[in-house]
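I'd like to ask you about the structure that follows.
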Amino acid sequence: MAVTLMKGNEAIGEAAIIAGCRHYFGYPITPQNELPAYMSMRLPKVGGTFLQAESEVAAINMVLGASAAGARVMTSSSSPGVSLKMEGISYLSGAELPAVVVNMMRGGPGLGNIAGAQGDYFQAVKGGGHGDYHCIVLAPNGVQELADLTVKAFDLADQYRIVVIILGDGFIGQMSEPITLPAPSGRVFDKSAWMLSGATGRDPHVIASMRLAPDDALAHLNARLQDKYRVIEKAECMWEKSQADDAEFLLVGFGLSARICRSSVSALRKAGVRAGLFRPITLWPFPSGELARAAAGKKKILVVEMNAGQMVEDVRLSVLSSVPVDFLGTLGGVTPSVDEIVERVRSYAR
Amino acid sequence: MAVTLMKGNEAIGEAAIIAGCRHYFGYPITPQNELPAYMSMRLPKVGGTFLQAESEVAAINMVLGASAAGARVMTSSSSPGVSLKMEGISYLSGAELPAVVVNMMRGGPGLGNIAGAQGDYFQAVKGGGHGDYHCIVLAPNGVQELADLTVKAFDLADQYRIVVIILGDGFIGQMSEPITLPAPSGRVFDKSAWMLSGATGRDPHVIASMRLAPDDALAHLNARLQDKYRVIEKAECMWEKSQADDAEFLLVGFGLSARICRSSVSALRKAGVRAGLFRPITLWPFPSGELARAAAGKKKILVVEMNAGQMVEDVRLSVLSSVPVDFLGTLGGVTPSVDEIVERVRSYAR
Amino acid sequence: MYEGLFFAGFGGQGIILAGKIVCLAAMGEGKHVSHIPSYGAEMRGGTANCSVVVSDDEIASPLVPRPSACIVMNKPSLLKFQSIVQVGGLLLWNESLIDLAPSRTDIETLAVKANEIAEAAGSYKAANMVMLGALLKRKPDIASLEAVIGVLGVAVSVRHRELNDINRKALTGGYERA
Amino acid sequence: MYEGLFFAGFGGQGIILAGKIVCLAAMGEGKHVSHIPSYGAEMRGGTANCSVVVSDDEIASPLVPRPSACIVMNKPSLLKFQSIVQVGGLLLWNESLIDLAPSRTDIETLAVKANEIAEAAGSYKAANMVMLGALLKRKPDIASLEAVIGVLGVAVSVRHRELNDINRKALTGGYERA
Amino acid sequence: MSRGRPELDRERCKGCTLCVSACPEKILVMSRDQFNRQGVPFAVCFDESRCTACMSCAIICPDMAIRIFRLTAAASEPNVAASDG
Amino acid sequence: MSRGRPELDRERCKGCTLCVSACPEKILVMSRDQFNRQGVPFAVCFDESRCTACMSCAIICPDMAIRIFRLTAAASEPNVAASDG
Amino acid sequence: MPVETLQEKLVYGRPQVLADVPNHYCPGCGHGIIHKLLAQCIDELGIQQTTILVAPVGCSVLAYNYIKVDGCEAAHGRAPAVATGIKRVHPEATVIAYQGDGDLLAIGTAETIHAANRGEKITVIFVNNAIYGMTGGQMAPTTLQAQKTKTSPYGRNPADVGYPIRACELINTLDAPVFIERCAVSSVKGILKTKRAIMKGLRNQVEKKGYSFIEILSMCPTGWGMEPREAAAWVDSDMTPVFPLGNLRDR
Amino acid sequence: MPVETLQEKLVYGRPQVLADVPNHYCPGCGHGIIHKLLAQCIDELGIQQTTILVAPVGCSVLAYNYIKVDGCEAAHGRAPAVATGIKRVHPEATVIAYQGDGDLLAIGTAETIHAANRGEKITVIFVNNAIYGMTGGQMAPTTLQAQKTKTSPYGRNPADVGYPIRACELINTLDAPVFIERCAVSSVKGILKTKRAIMKGLRNQVEKKGYSFIEILSMCPTGWGMEPREAAAWVDSDMTPVFPLGNLRDR
C-alpha cells in the first residue's frame, strides 16, 4: 500500500470513508476544522452527505437520527463543542445507537485556548452526560493509528450498538505523518432488526431511551447496558507495552503524552535507568488487569498526562496499593517535556 | 424558629432567598419544577428576577452574565437538562465565577424516566464539562439539609469564586419534611475587585476564561485553579459518621441512599451485626482522609448508590487496598431496599 | 411508635393531599414525619401514590417499602399494592370503586364506601377524607381526629377551602364508620 | 540520523508549507518524518511556526523542544525562538526582514537575504524556499535539493502551481548562497 | 335524507364533553349517575333517530371513542371501515 | 474652503488600501518599495495640499491609522481630539 | 336495529394506522385529535410503510405508541435535527417531526429555524397549546399575554418576558419552506381544515417538494385549568386573535 | 507646517474609549471599522462608565481589549443570554452584545430570537460577514448562494442547505424590539449610516426604550479570499441584494 503524508484530522476523514461512513454532521471548531472540510470535499464525491449543523447540539442529534436510520455516521468537535454533545451522547447510549464521535481536545476549561490538551479524559471515560453509560474511548497516538482506529471505531460501534469516542488532542489532529491507508474491515453488521426504514412487512421499530412503565423498565434497560459493558470490558481492551518487562519504573500515558513518554524511556535507558512504557489504547474499557500485571514488581509508576490528573485515577484503581503511583501533568495546552519526565524518574532512582 | 412542613424543592428556593439570591434562571424539567415555580412566585415579591430561559443552555449563560455582574444567582434542572449546562459550567469555572446549580437527578441515560436516581455523580464530581475544573458538590440527605446547604452553597460559591452543585435526587426534591428555615449566614463578600458594573473611576474589568497569549497564560490560570482546589480540599470537606467507631462493617452512601443505609444500620445492629455509616456530605472535595481513618480496621466497606457504581471509585481511591470494598447499586430510578443491604452485610458476617 | 403509611389511587383523588394532612397533624402532635409522593411518569393519565412515615424518633429512610397501613382508592391500586402491606398490617380499600375484595388473608382489611359517604357529606371528591377518617380510627397513634380537622385550614389550598366543611364531615363519617 | 527542525515566521510566509515540503522529500528518501504546525491562537494576526522531525528511526515524540536546526523568517520569531536551538545547532535567519543579528554564540548562525534572493527569483513570496534551500545545503542528510524540487509539484496547492518555477529558482538560490 | 348512528365506546370515553357541544342535533349528553371503569361519566346518545351521520361528534373526539354508521339503501357499497373528515 | 491634512501612521497601517479607494481627491497611494515593520506596504499621501479634510480615508480605515486635521482660521475652537463621522 | 331496507355503513372509524389502545392524554386534549388526523392522512396516502415519526419530549412523547409506524424519540427540542438525520439517510421516507411549543419554539428554536431554512424535506406538525403540558403547566413561548401559568403566576408580563411568538410568521421569512399553515382543532370545521393541511404537508414529501410546517392551535385543558369545552372556546376567543389562522405559503 | 494664519484642528482622531493598540484583525477587516464606530458612539453618549460589552466567540473575541469598558466573554452563540443576565442585574447599564453571523444566527439562534422576543433592553451589534472568520472560513447561515467556503467547497447549494438567513427580517416578526436596521461598512456613506444606527441603538438603552438590533454587512477579505477592496465592492454588489439595507423598525 502506498504511503501518504497526511494530517491527522484528514486521515480520520479518509479512514471513515474507507469504513463506509457516508454521513457526517458537525460544526466548525479549531483544532479539528480540517476534518469537516475534508468531509465536505470528499463525501459528495462518494454519494454521501456532509452537513454543517447549526450547532454541536444539532449535530449530535442529526447523528442520532442517521444512526437510528441505520447509517454509519460520524461527528467531530473539540472540547467546548463536545461538552454541548453530552446530552445527545447520553441519549445515543440509552437508545443503544452506534456512532463515532471525535474529540480533538484543546486547552480548557471554558474557552481556554486552541492548543492540544488532554483535559477531557474524565468527560469521555467517566461519562460527562447524565446517567450510567459508557462510550468506548480510543486514544490514538499518531496519524497511522488515527486512521486505523477510525476504521475499528465504526466496527465497534456497530457491533455493540455503542458510541465510540476517538479522543485525540489538537496536536495529533494537526500533525502530519506518513501513513498507509487502512483497508476496510469487511465486517458486515445486520441492523435490520432495529433500524428505522419504514415498517414494510414488519412491526414498527421504535428507537427510544425512555422507559416509563412498568416501574422497573428503565432498570432493565440499564441492566442490559451494564451486561454489555461487562462483555466489552472483557473483550475489547487495547494497550501497548514497550520495554516494560524488565523495567523498574513504568511510565503510563496515552496519545501524544505516550509518545513523549516513549522518547523519555529511550533517554532514560540511555542514562542507564530501566524505564518502560504502558500505553492504554482503549481508555474505556481501561486495561486495568493488563496494567496491574505489567506494574507488578515495579518500583514506581509515573503517569504523564496533559491535564491536572485524570487517567491517573484509573491507574490507581488498577494497581491500588501494590505499586506507588506518581503523576506528572501539564496544564492549559502545554506539552510535557522529555527533560522533566526524565528528571522525575531519575529522582526515584536516587 | 418555627417548624414548617416543606417540600425539598421549595425549601431550596426559600433558602436561596434567605441567602440573598435574587436572580434565578431556569428551564422546566421534572422532578424539580416546584423550584422554578416557587421562585417565580417569590422572587418578584422580594425585588428579584425570575426568568424562564429558552433552554438550559441559555439559563446557564444567563447565570454567567448575572454572576459576572456580581449577583448571587442560581439555576436548577435535572439530569438531561444538566448535561446541556456542561459547557456553561466549564466556562463559569474557567472564568472563576460563583454560581449555585441544583441537579435533582432522575433516571438515565437519555430520557430515561423521572424517578429519583444518583447516576450523575461522575458528571458532577469528575467534571462532565471539558477541561480541568472542579465544582464543590454538596449532597444533602433531606429537606432540612437541602435548605441549610443551599445557604452554605452561596457562601462557598462567593468565597472561592466557584460553581457549587447541589446534587439531590428526585425523591429528595419531592419529599416533604418538617424543617426549621435557616438563618442567613451574615457573611459578606466583596466582589468590587472583579465584578462588572461599569468602569466608574477604575480600569475596566474583564471576565473571561480564554487565555491566548503568552503561550503559558492558560497554564497559569489552570495552576491558580488547581491551587484553589487544593485549598478547598483541605478546608471544606464535610461528612457525617454514625455508629461507625465500633463497627465491623461500614456502609457508605450519600443523599437518599445514606438514609436507607441508616435504616439498614439500625436493622443490622438489632440483628447483632455491628454496622456503621459514613456519609460524605461534600462529594467534591471528597472526604478521603476522613473516610480512610473511619475505615481503618473495618472488615468490609459496602458502598450503596442508586447507580451502577460511581462514588465507589472515590471510596476505593480513599482506602486503596486497606479494606475490601463492595458495592450495591440500583439502576433506573429504583431505590435500594433495607432488606437487600442487610442481607448483603450479613453475608459478610457469615 | 413508627407507622409507615401508603396511599394510592388515581390522579385527582386527593392522594397526595391526604398524606400531607396526616403529616401536618402528626407534626402538631410532636411526631417526626416524612412524605414522598410518587410523582407519576412525566406524563398524563398516571396513578398517584405517596408514602408517609410518622414516628416518635427521627426518620432514617423516608421510604415505605412495607407499609403498616395502606389506603387504596381504586382497583388498579388494590391489585398493585395489596401485596406490599406488611403481615398483620392494615389495608383500607374504597369499596365504592373497587368491585373485588383484597385477596390477602394475613392482614387486616377494611372496606369503606368512601365515595358514598363522601357524597353524603357533600361531594364524592372528599372520598380521600373518608378513608383518612377510617385510618385515624384504626391507627389512633398517628394523630387524633381533632388534630387532623385542625390542620385542614392550612393544608387545603385557598381555592378549595370552601370544601373544608365537607372535608370535616367526610373525615368524621369515615372515622365513625370504621 | 535524527534532525529536529523548527520553522517560524508570520502567517503568509509559507512556514507550514516549507515544513511539509521537507517531510515529503525526506519521506521519498526513506526517512521517517513528522510535522506539527503551531496552528495559531484561533485568531487573526498571529505568528506561524512548525516542528519537523526527520529521522532514520521511528519517531517517538514529534515535538521539537530543542531543534537541531531552526529557520526564523521575521524578527519576533528570532527573538522568541533563538533560545531554543540546541547548543551547536543551526539558526538560519532572514536578514531581509530582521535588523538584528542573533545573540547566541554557542550555535551556528547563518544570515540569508531571503526576500531579496526570492525577489530575484521572481517573487519575494518565495522567501521560504530560499531559506529551505539554505537549510538543505547545511543539513544535507535531511534530503537532497533534487528531492525537494521533485516534491514541489505535489506539495504546492493547485492554485499556486504556477509559482513552482520561481520556487525552484529560489530553492537553488538559497542553496547556492548558503 | 340518510340517517345514521353514533357508536359510543363508554370505556374509551374520558368524559370531555367535546362531542356533546359538537353535535348539531344536540342528541348527545353525558351520563348522569353512571361512571365507566375509569370512574368518569361518559357520553351517550339519547335519540339515535335524529342522528344525521354528520360525524361531527366523532371528528372532534380526541379518544376515538365514537364511530359513525350511516344507514343507506341495501344495495350500497360494502361495509368497510373508513376514515373520513 | 478650508483645507486639511491626513496623518497616516505607517506602523498601524496594514496595507488594506481601503483609504486609497475612499479618497475622493485620489491623493493616497500605497508605498511602493517601502515596507513597515510588519512587512507590508503602507498608505501615504502624495499631495497634502489637495486634502479637503473630508475624512473619508479616516472613516473607512479599520485600524485607526489615519487622523485628520482641519486647517482653520486662528481664532477657532481649541484643538482637542474629536471623533466624528 | 337499522330499518330492514337499510344497511349500516361505517363512515367514521379508527384509521388503520392508529393503534387500538387508549391514549394517555387528558380528557379533551388536542393531541388525541391531531394523532387521529395524522393517522387518517397516513392511511389515505398509503404511506404507513414509508413513514418515520419523530416524537418529541412533551406530552406526545409516546406518539409512536399510538401511530403504528417506525418511530424515533428525540431529545427535547431536537426533533428537526433527528428528522434531518433520518431523512438524509432515507430520502424516500416520509419523515414527520411532531412537536409541542416548548419543544419547537423554546429549547428547539435553532433546530426549528435551521431545518426550515435548509428546506429539509420533512413535515413538521407543531402543536401550539400555549403552555408546557408535560411538565405541569409552565409558561411557553406561545403563552398569551396575562395568561397565568406555573412560572408566570401573576400572568405573562410582556414588559418582562415579551409577547407570544408566532412560529408561522417567523418561518415565513425563510426562503426554502414550501408550505406554511396555521390551523386549530378547537372545532369540527377547524379539524377538517387541519386535516387538509396535514394532508398537503405529507403529500409535499411524497412528491419530494420540500419542507412543510403546520401549526395547530390545540387545547390543553389541564395546563390551562379549564374544562375541555371552555378550553376549545378559549382557542377561538383568545388564541386565534394572536395566532391568526390561515395559509401563509403554498408552493 | 501649517500656514501661519491657519490653525490645525484635529477633526478625526482616536475615540477616547478605543484602546491605543494595534488590533489583531486582518487587513481590511470590517471589525476594525465597527469597533471604532462603537467607540465613537460610547464616547459621544458619554456612557463609557456604564457600558458593559459582551464579546462573542469569533474573530472579535477580544473586543473588550480594544474598547475600554467592562467586558464579558460569552460562550459561542450565548452573548444574548449573557447580556440578559448582566442587564437583569444592572438595569441602569448599557449592555452590548457584539456578535458574528455564526455566533448569532447558527449556534446562537435560540438565544438571539428569545432575547429579542423578551425585548431585553440591550443592543445587539450583528456583524454579518457571510462566513466564519475565526475558524478559517466555513459556511455561515448568511453565506450566499454558490459562495465557496471551506465547508461548501463546491459553492453553497440552496437545494441542499437552503438560502442565506436574513436576521433583521426574522426579528422583525417579533413584537418587542424597538429598533431594527441593516447597514454596511463597505463604503464611507455606509459607515456614516451605520454609526447613526449604532447611536440610535445605544440611545434606546440609555432612554430605557428596549431591544435594538443592528445588522452590519462587513468585509472578511481573508475568509472570502479577496483583496480588501474587492471585498468591499462585493458587499455592495453581492451581499446587499440579498440583505437589503435600511431601517425595518424604529419605535
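Annotations for the structure displayed:
When the chains are written out, they are named A, B, C, D, E, F, G and H in that same order, and each has its own residue count from 1.
By definition in this document, a residue touches a chain if its C-beta (ideal position, glycine included) is under 8 Å from a C-beta of that chain, and two chains touch if they have at least 3 such contacts.
All of these numbers come straight from a predicted model, not from anything done at the bench.
Steps from subunit C to subunit H, taking the shortest chain of touch contacts, total 2. Contact with subunit E and subunit F alike is made by no chain in this entry.
Graph distance from subunit A to subunit F, where chains that touch are one step apart, equals 2. Centroids of subunit A and subunit D (each the mean of its C-alpha atoms) stand 34 Å apart.
Taking each chain's centre as the mean of its C-alpha atoms, subunit A lies 60 Å from subunit E. One finds 40 Å separating the Cα centroids of subunit A and subunit G.
Here the spacing of subunit G and subunit H, counted between their Cα centres, is 36 Å. Across the assembly, subunit A contributes residues 30, 51, 54-55, 57, 80, 87, 91, 95, 110-111, 113, 208-210, 212 that each touch 2 or more other chains. Touching two or more other chains at once are residues 41-43 of subunit C. Residue positions of subunit F touching 2 or more other chains: there are none. Interface residues of subunit H, counted against subunit G in their complex, comprise 106-110, 113-114, 117-119, 141, 158-163, 165-166, 169-170, 172-176. Looking at the complex, you find that subunit B touches subunit A at residues 57, 79-80, 82-84, 86-87, 90-95, 105, 107-113, 115, 117, 119-120, 122-123, 126-133, 208-212, 215-223, 225-226, 307-308, 310, 313, 316-317, 320-322, 330-334. The part of subunit F that touches subunit H in the complex is made up of residues 3-5, 11-12, 14-18, 20-22, 40, 53, 55-56, 58-64, 66-74, 76-77, 79-85. Considering their complex, residues 10, 74-75, 97 of subunit C touch subunit E. Note for the complex: subunit H touches subunit A at residues 57, 61, 73, 75-77, 102, 106-107, 109, 132, 134-136, 138-139, 141, 150-154, 161.
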